[in-house]
Amino acid sequence: MQNPALDMHALIARLFPICRSITGDGVRETLRILREHIPIEVREVPTGTEVFDWTVPKEWNVSDAWIKDAKGRKLIDFRKLNLHVVNYSSAIHQRMRLDELRRHLFTDPERPTVVPYRTTYYEESWGFCLSEEQFAQFEDAQEYEVLIDSSLQEGYLTYGECFLPGEEENEVLVSCHICHPSLANDNLSGVAVAAAWARELAGRSHRYSYRFLFIPGTIGAITWLARNEAVLPRIQHGVVLTCLGDASDLTYKRSRRGDAVIDRAFCHVLKHSGQPHSIIDFFPYGYDERQYCSAGINLPVGCLMRGRHGEFPEYHTSADNLNFVRPDALADSLAKCLAVVEVLEGNRVYLNRKPKGEARLGKRGLRSDLALLWVLNLSDGDHSLLDIAERAGLPFATIKEAAGALSATDLLDPL
Amino acid sequence: MQNPALDMHALIARLFPICRSITGDGVRETLRILREHIPIEVREVPTGTEVFDWTVPKEWNVSDAWIKDAKGRKLIDFRKLNLHVVNYSSAIHQRMRLDELRRHLFTDPERPTVVPYRTTYYEESWGFCLSEEQFAQFEDAQEYEVLIDSSLQEGYLTYGECFLPGEEENEVLVSCHICHPSLANDNLSGVAVAAAWARELAGRSHRYSYRFLFIPGTIGAITWLARNEAVLPRIQHGVVLTCLGDASDLTYKRSRRGDAVIDRAFCHVLKHSGQPHSIIDFFPYGYDERQYCSAGINLPVGCLMRGRHGEFPEYHTSADNLNFVRPDALADSLAKCLAVVEVLEGNRVYLNRKPKGEARLGKRGLRSDLALLWVLNLSDGDHSLLDIAERAGLPFATIKEAAGALSATDLLDPL
Amino acid sequence: MQNPALDMHALIARLFPICRSITGDGVRETLRILREHIPIEVREVPTGTEVFDWTVPKEWNVSDAWIKDAKGRKLIDFRKLNLHVVNYSSAIHQRMRLDELRRHLFTDPERPTVVPYRTTYYEESWGFCLSEEQFAQFEDAQEYEVLIDSSLQEGYLTYGECFLPGEEENEVLVSCHICHPSLANDNLSGVAVAAAWARELAGRSHRYSYRFLFIPGTIGAITWLARNEAVLPRIQHGVVLTCLGDASDLTYKRSRRGDAVIDRAFCHVLKHSGQPHSIIDFFPYGYDERQYCSAGINLPVGCLMRGRHGEFPEYHTSADNLNFVRPDALADSLAKCLAVVEVLEGNRVYLNRKPKGEARLGKRGLRSDLALLWVLNLSDGDHSLLDIAERAGLPFATIKEAAGALSATDLLDPL
């Protein structure tokens, strides 16, 4: 990779045409491409596996789908836009008049030019999504030929796991969903930022182990949790990445705990970025933080996003396309994640070895400054560097640098 | 009762003419009328009984009082307005000139048309209250005949207690004072709301036991506390009702504890009412919350009011009459009390039985909504429904309804 | 003393001409004059003594210093203004051209009329401070004769300690620095207020023992701490006094603990003064609170000041002179310190002996008021008078007076 911003956008462009769902070959193909960039282990969980309150569903695949008019012209073509087929539609090949077809057609009356995105995971059914403009071409009296060449059968739920071992067994969890078909911001942007983040860390040593999950939303997170309960106590920090490519300001949604280190780290990084941003409290809706923060799991996992779930007009429509995600927004999102890594990795507790009165910095070749003084003043064993940075109102990097300089003398030791 | 608002006003109208005091037949007559509506046990505590730092005083009764001028015309007549006689005045029948009489006459110079309300409970003395306009009729040189036909002798302090047993021994205490003569807002409004509240609860089952006290202010509360120390540990929540009929917005004064469940319940109800209102902190002045929140009692008892103690111009004057209290204000006050009952009664802790990941609501016939998700998310044994409602920012009723729906499935159980 | 304000200013005027430093005869002479007012024990700590991370330096004295031009005219004369010699300059007597002399001359380019104040404590060197205007008289080609008649040799670090024993061993620490030469606000103002404060207390009995330290900044505080570790557990409250004579509003800087009683006492006094003022959080820079609040000491010691360290233009220049400090500002500073003494001395916990219900105040000759009621209500053993004053929003003196009146009855006892 040369330019992470453009590389992330290129990865999104490559993944965009694939028809993904919560199971099926689209997920496999997506993971295969991601494995060109980072080491991902692919897991296959059989249909019918019990995962907490859920059951892994049948695997769905689709090869073609269209609606032809009486003259055999394709009015709607899955191969042009995979959003056209309602995700998880059962197979059909039939002629029918519009009055029968109509209840299988879905448009967004408020935005006549876009094709909405729709799923029918847990209710066997079929349907097409189309724009109001496309729908205007249908005529009452006509008969249409409808094809959905899909299969729904015993198979697997597929997900990918990129585990980067660190010096410690303690883990940072990064999760994104890979179940959406041709939607760029939701959530190929999260996939691309997660992949770039993993690639960045793969090239260097780190204290924490990092676990990147590329999973179908909801059922994937639940499946992973159910199969990895033994891992959960090691997860010290975590974040769900979603909708990170649009032009909105960053929003960080706190974990259910509300004041976990991951929450404080993102707040710190965003505050010191000087950029407009929002911090919002946890609520049990949105993305997979719902699962990681469920009552019996309660991990310290927040959610980073730009456009918010359901709040931008392009959300879950064909307008969430390659033009909607911007290289600079992706790069800025990644930069904030890497800045949080710096905080998490560097957030140690140190002990001032000369805690009575101030130490003489000059005789150790150090020039007194406020960061050095804060580190010495608060390194009493009760304060981490993030605690110190917060109280001092200084960027974490400044405090960490001061701690580093002091650690090189006899004044400061890691606890 | 058909229309609680009009019924409450009618009850006030019926009780208004009675000359009440902290002891005596006025209290007995008031309780007798209240017993037509709700089951009240009448307690009689003998003069001289030691109650904490106090002693039950002699019983005071008055049958007539007037001031006649030299021509025998009644200038001031107790039978027209019982506020005219200073409450607890000793008996007198004597002729005297204005210069002697004058120090027994009390007016409100700032409000020349009203008769002030005055007492002399713990200092034997006598006097008349009159308006400045009435006083203007008195002439320096004249002699006046003064009569107060009162008695102050060994007797009883009388109060009423309406106890409504619930499923639990734990109690909710509701207290109002019945020692004021013809004053409508202070505190026949509180008496009427308490009676309507009790009547409402008497007709249905409830979890808590409810204890409504109709007591003389200060000495009555102290007497009740002294005689019921064994009951106090059972009192989980409580409120003093006063001045609930005027047109002011509601004010809730927190208990001394400041964040008791009763405080949070009233704050919640008032906040979600959408009506303007005030929440004020506890201070050791006002009504009988002073006694319930004294240092050695410290019950979770707040105070609900509209016009505040001493802050409305009609306070403790003849202008606090039947025109000053409004049926709609009484009804609104009662509604808020009953809404608080809903919170207290329904404020249980539930346990999510499928706490790992989200549960599948659909397969249980439930439609996912934010209230259901919040209840599941926070029902970890540490959060009551009120905790959840507060964190979710949703009305308690919505949260309770969600908990009810979930309890009907295998997902949620009361703790 | 007759008028403390004028007396303080007169003391500053008398001390102003003395050339002080962190060691030497200027400190001794200053302490000798202070001993005319208050009982001070003078401590002499030998050069080379190890004090925590520091070593007591050599003693510095200076008797004369000047720069003469080729014609023998004194362009710069230490005897006119002792700021002219860089504090701790080594001795020199030499002729040199301006290009060589120049790097030993220090001006303040931003304020051309003032002479800056400069030190070289821990780096042997010499120099002169002068105004830009004075420097303008120097000519490139000329040769100058330079004299600094100073000595830097084994000797002592000198400080003064005024200890006023109280009823208790517990102590209040008041600290000010006496190491600055002719600077009036920084810190003869602090010295004068500390001396007046000590003089005021010397004349009366008090509960706490008071320890006033007149010490060289940094090294003096560290020396005192290192020699008095056994005393530290007795220090309950403390304050550093500095820059208390200028026209700025008062600023109180909290101790590292942030909410110590001394912090709350100063906040309370300043709040109830009705005067504009600032409360700022602790940071590990400024005056000797840096030492008292270092990680391993962490005493409850704040800092009271008007002009803030480095933030007023006269700071560390010849403009910080006798005109810059005002009798009324000194008097106001002292008044606030004495008001804090009232809080600290009177801040006891009392116990309401009749805590159930309100007590009858009337029968004990007390007139009910809010302060009395608050004291009774909160005197449950968990609340000090300062706690009560804060919750009541009343001045401490009002609460203390109420507690006094109640203590004279059977209602209240000190815990």
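Labels for the chains are A, B and C, by order of writing; each one numbers its residues from 1.
Assume a residue touches a chain if its C-beta (ideal position, glycine included) is under 8 Å from a C-beta of that chain, and two chains touch if they have at least 3 such contacts.
On a predicted model such as this, the values are computed, not experimentally measured, just so you know.
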Chain contact topology (line, ring, star, complete or other): complete
Classification of the chain A:chain C interface as same or different, half of numbers criterion: different
Relative orientation of copies chain B and chain C, as a Cα rotation angle in degrees, nearest 5: 120
Centre-of-Cα separation between chain C and chain A, whole angstrom: 56
Of all residues in chain A, those that touch chain B in their complex: 51-54, 122, 218, 221-222, 225-226, 229, 256, 283-285, 290-291, 293-298
Of chain C, residues touching chain B in the complex: 352, 354-360, 362-363, 370, 373-374, 376-380, 392
